[in-house]
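This report refers to the structure that appears directly beneath it.
The chains carry the letters A, B, C and D, assigned in the order they are written, with residues numbered from 1 in each.
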Amino acid sequence: MFNYFKTIYKVGKALIQGMMVTWKSFWQPAVTVQFPDEKLNTPERFRGALTFDKETCTACNLCIKACPTACISLEPAVDPATKKRIAKVSWYQIDFGKCNYCRLCEEACPTKPIKSVRHTHQYEWGMLERKEMLVKWERMIPSTEPLTSTNMKPI
Amino acid sequence: MNTEIVKIQGQDSKTEEMILNLGPQHPSTHGVLRVILKMDGEVITSAQPDVGYLHRGTEKLAENRTYPQMLVISDRWDYLAAMSNNLVWSLAVEKLMQIEVPARGQILRVIMVELNRIASHLVFFGTYGIDIGAYTPFLYAFREREKILDLFEEVSGARMTYNYIRIGGVMADLPKDWIGRCRSFLEWMKPRFVEYDTLLTENPIFQDRTKNIGILPQPLAISYGISGPNLRGSSNPFDLRKDAPYCLYDKFNFSIPTGKNGDCWDRYWVRIEEMKESVKIIEQALEMLPEGECNAKVPRIIRPPIGEVYAQIEAPRGMLGIYLVSDGGDKPYRVHVRPPSFINLAVLQEILVGMKVADVIAILGSIDIVLGEVDR
Amino acid sequence: MTPQEIFSIIQAQYKNITEIPYPQGPHAAPAHEGKPYRDAHLYLQCPSELWLEFANFLKNEEKLSFDYLTFVTALDYAKINPQEPIRIEIVYHLYSFKHRHTLVVKISLNRENPILSSVIQVWKASDWQEREVYDMFGVKFEGHPNCSRILMWEGFPGWPLRKDYAHIPDRYDD
Amino acid sequence: MILPVWNESQKRSALILFGIASAGAGISIAIGEIGARFSKIWACLSSFALKNSIPTALLTPLSMIIQCSILIGFISVSVMFMVWWERKVSAHMQNRLGPMFTGGWHGWAQTIADAIKLLLKEDIIPAEANPWVHRLAPIVAFVPAFLCYAALPFGEGLISADLDIGILYIFAISGLSVLGIVMAGWGSGNKYSLLGGLRAAAQSVSYEIPRVLSVVPILMMVGSLKLTSIANVQTGFWQIAGIPVLPKWFIFYPIVGQIAFLIFLISSVAETNRTPFDIAEAESELVAGFHTEYSGMKFSFFFLAEYAYVFLSSGLTTVLFLGGGSGPILPSWSWFLLKSFAVVFLFLWFRWTFPRLRVDRLMEFTWKFLLPWSFVNILITGFILLF
């Protein structure tokens, strides 16, 4: 008989203690960040969308070999006068539909001091069709005005 | 109502048996799992899990990927504990190539894997609360998990698929005051355990829903090859970090929590205690973090010698192993992943019989499976 | 118990179960100059018809008591190199809680119609893993309650993990 | 309890909250007098009719229409508020913010936006379902709640149907809602909702008995079933040496009050299918229980019914145990609202703290614990009344 009431007391006390936990956090300030207005700052090593610097790239294909899902494709530039390949790239394309954001291409890229393919801190990027996932950087030798990627804002 | 009328043998009276599909789209199957339940009223007469919805063929992919590229695929097995997957793959290749990782690299790996274990058990704690009906623990658990993911984001750049532990060491050393932030997280975490205990562990309704439910006797667990917290819940203190120490685990002192009678509550309690042990391990690891180089010398193109190796670690869900056969080329000849969730899930078809629908969810939640690892 | 002691106990019982020697030096493949590597466990080669009886012996023998089946997998040696005969090899990795020692048993089957007796009565862990080996390699396990595909859907043509598996292009190949 | 340090937005919202509360108190005192004449609608209408000779036969339907529209207005406004309040309370209990954007300060218009969204949603009737049962179920679930509000005293004189069998009427009519849930369960032709419907039937039936029996001691003490007379008995204070110590509420009666209050509270939480007894629409097991197949307006009816019952139960608790409408300065009906919303807060607090009981444990709890204890409670009241 006695421990019947003891269990009731224990059950009641445990339930009340559980409610105290929620009561305490009822008064604590919330932790949510209201995304469009307040934004968290991304850390220095953040792996956002890839960007490409077409001047420094030497078309050495190391990033293509390193990529696990083979989403990079490029074509080395040919000097129109001498018809020989030069250490520049004519177009460079990344298929962001397959990219794993794994940073292996950036680590494989030999260009100094800034790598020609590297991660940016940009994570807000939506697209409407699958075609937009194929981002192409072209570097026409004769043309004067600098060409940027078809839809990529310069970062 | 098109319940198939299935006669139960040896019973002359016609009893209708309802076949109910639990999943693959169901709020509490933790992913795309379908369990075909034959039920008589609310009591289950037979349960048959049906897996394969998330099968991506990692073992076939491994045949034409180089060794470093496989790390990226390993992130996607148990996506709640990607560090453990990276670690087991790196250990397998290092064993094959007989590379010795410097002490600093190994301690960094221990810190990351233990932090990932806390994050993975926090997800278990949150979703198990929802399975039993309490919604608030989920939000508290994810408030803590966000702090861990921020730490991972600073060190590796990603929040879920880290690709941080590499063959021969780690991707890069710690950023400047990462250790300070990690210590402040540990201080923040300790009082939270007291909160969790009052909120769920000692809550009589929770205990009433989980005690003596889904009892897994030890011989049955061993014959089904169960590993990890589920096996320790049935009072078998088998933990690879103690029995087959890898990557300097023998240098830390921590205890292995084991349950008494292997019911849902014991499995839940073992995981909560394991989180507390992991906090202790990380503190000791932060103290003994030696200076110096954290990566071993690894050739640019990794070509391990011919041979085969089986490396296994104590992942949050059990014994994660890689059986790797190499033919000397730069791509593995055959890779087999020993997935703890896949093997732990098989016992479901035995312990679910005779239980009620509400218990099915409690038992499924207590075994804590991740479908990315079940289907590979 | 060291691998030699285990092997001596087994050798006393079964004559035609041989130990697989340590892999030799580099074959034709341009191997890394490192020595070939293998874990320091006992590796046994067991004929397929003897396997079920041998499995019961391993489990019930007092001094061995291999009660824990860590994993079951299969390898397809189709064209690795001239030394390796063409075969499908099933690998059973066993562990004992009592004596804390491990054993790896390998069984070779021909590639045309590989058949092996299932050890589901001995270790229940083999239930799903043998179904996965059937699903991936087409090895039929006699005595298995429902030896059907577990990861692939029922109507999937072919055995995906065999080396000579040709992928039939479907609507996902862009 | 040290005041937690609040950042800028907390201080601003605390200020606004205080402003609204004081404005509300001011308005309530002003309206207090008009409100007092609520039940005298019949009298002032008849005097108005006599003046310009409207046939008296027209009077009764007219006053009924006015009272019904006031009640419908009150129910929908209070439900709107409660839905928003639950989302805010649950959010803050879980350290998050809840709705913040719709309608400016703390998303007050969120429920209105939800209601409009639900109205615009397509009304699907599943093929397997039996169309008529499917359509009728939400109506049968909601109408009893609305009927019971007629007999609920919102304050002195603020009761539209002062029946002398008030409590019996409320318990009888609220029992009908189970019919709606079972119809919804069977009507939508899907196994999960069938299970949900059957569970709800078993639960409501078995929790009805301890709920009614826990009220019997109060009836024994008051001697009448009339809600207003029960409320009046609880006015005034117990004085010890002239100092008013405790208000004469039933909850403060020595042993009897506390036991009856707890049993009534627990069983009314179970009656309204809320955690820890929400096995009827258990998200993790039965997806959404009996209202899985409902969408659009029909779903909002179930939602409305659930919150109407929550307010009804808390209103009943206030009248029976917390002396509905009796209090020092404020007019009686604002006291009634304050106490009822306090009890509603208790309902919300339960929901966001406790896990869910299993079906058979829930039944066992009621038959083996609540019921015997309510009999013991009646026994004790009998002894107290003897001496």
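The criterion applied here is as follows: contacts are C-beta pairs under 8 Å (C-beta built on N, C-alpha and C of every residue); 3 or more make two chains touch, one makes a residue touch a chain.
This one's a predicted model, so the numbers in the text were calculated from it and none came from an experiment.
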| item | value |
| --- | --- |
| Each chain counted as touching chain A and chain D at once | B |
| Relative to chain C, chain with the most remote C-alpha centre | D |
| Winner on C-beta contact pairs when A-B is weighed against B-D | B-D |
| Centre distance in Å when chain C and chain D are each reduced to the mean of their C-alpha atoms | 66 |
| Whole-Å separation of chain centres (CA-atom averages), chain A against chain C | 41 |
| Inter-chain centre distance, chain A versus chain B - centres from mean C-alpha coordinates, in Å | 26 |
| Distance from the mean Cα position of chain D to that of chain B, given in whole angstrom | 45 |
| Interface hub residues of chain D, defined as touching at least two other chains | 93-96, 352-354 |
| Per-residue multi-chain contacts in chain C, two or more chains | none |
| For chain A, residues contacting two or more additional chains | 15, 18, 21-22, 25, 31 |
| All pairs of touching chains, each written as two labels joined by a dash | A-B, A-D, B-C, B-D |
| Parts of chain C lying in touch with chain B, wherever the complex brings them together | 23, 26-27, 29-32, 34-39, 67-71, 73, 75-76, 80-81, 91, 93, 97, 100, 104, 123-125, 127-129, 136, 149-153, 160-161 |
| Chain D residues touching chain B - in the complex, by the definition given at the top | 90, 93-96, 128, 189, 191-192, 194-195, 275-276, 278-279, 282-287, 352-361 |
| Of all residues in chain A, those that touch chain B in their complex | 10-11, 14-15, 17-18, 20-22, 25, 31, 42-47, 66-68, 100-104, 119 |
| List of chain B residues in touch with chain A within their complex | 65, 68-73, 75, 136, 140, 143, 146, 150, 153-158, 161, 163, 171-172, 175, 195, 198-200, 202-205 |
| Chain D-touching residues of chain A, taken from the complex the two chains share | 15, 18-19, 21-23, 25-32, 34 |
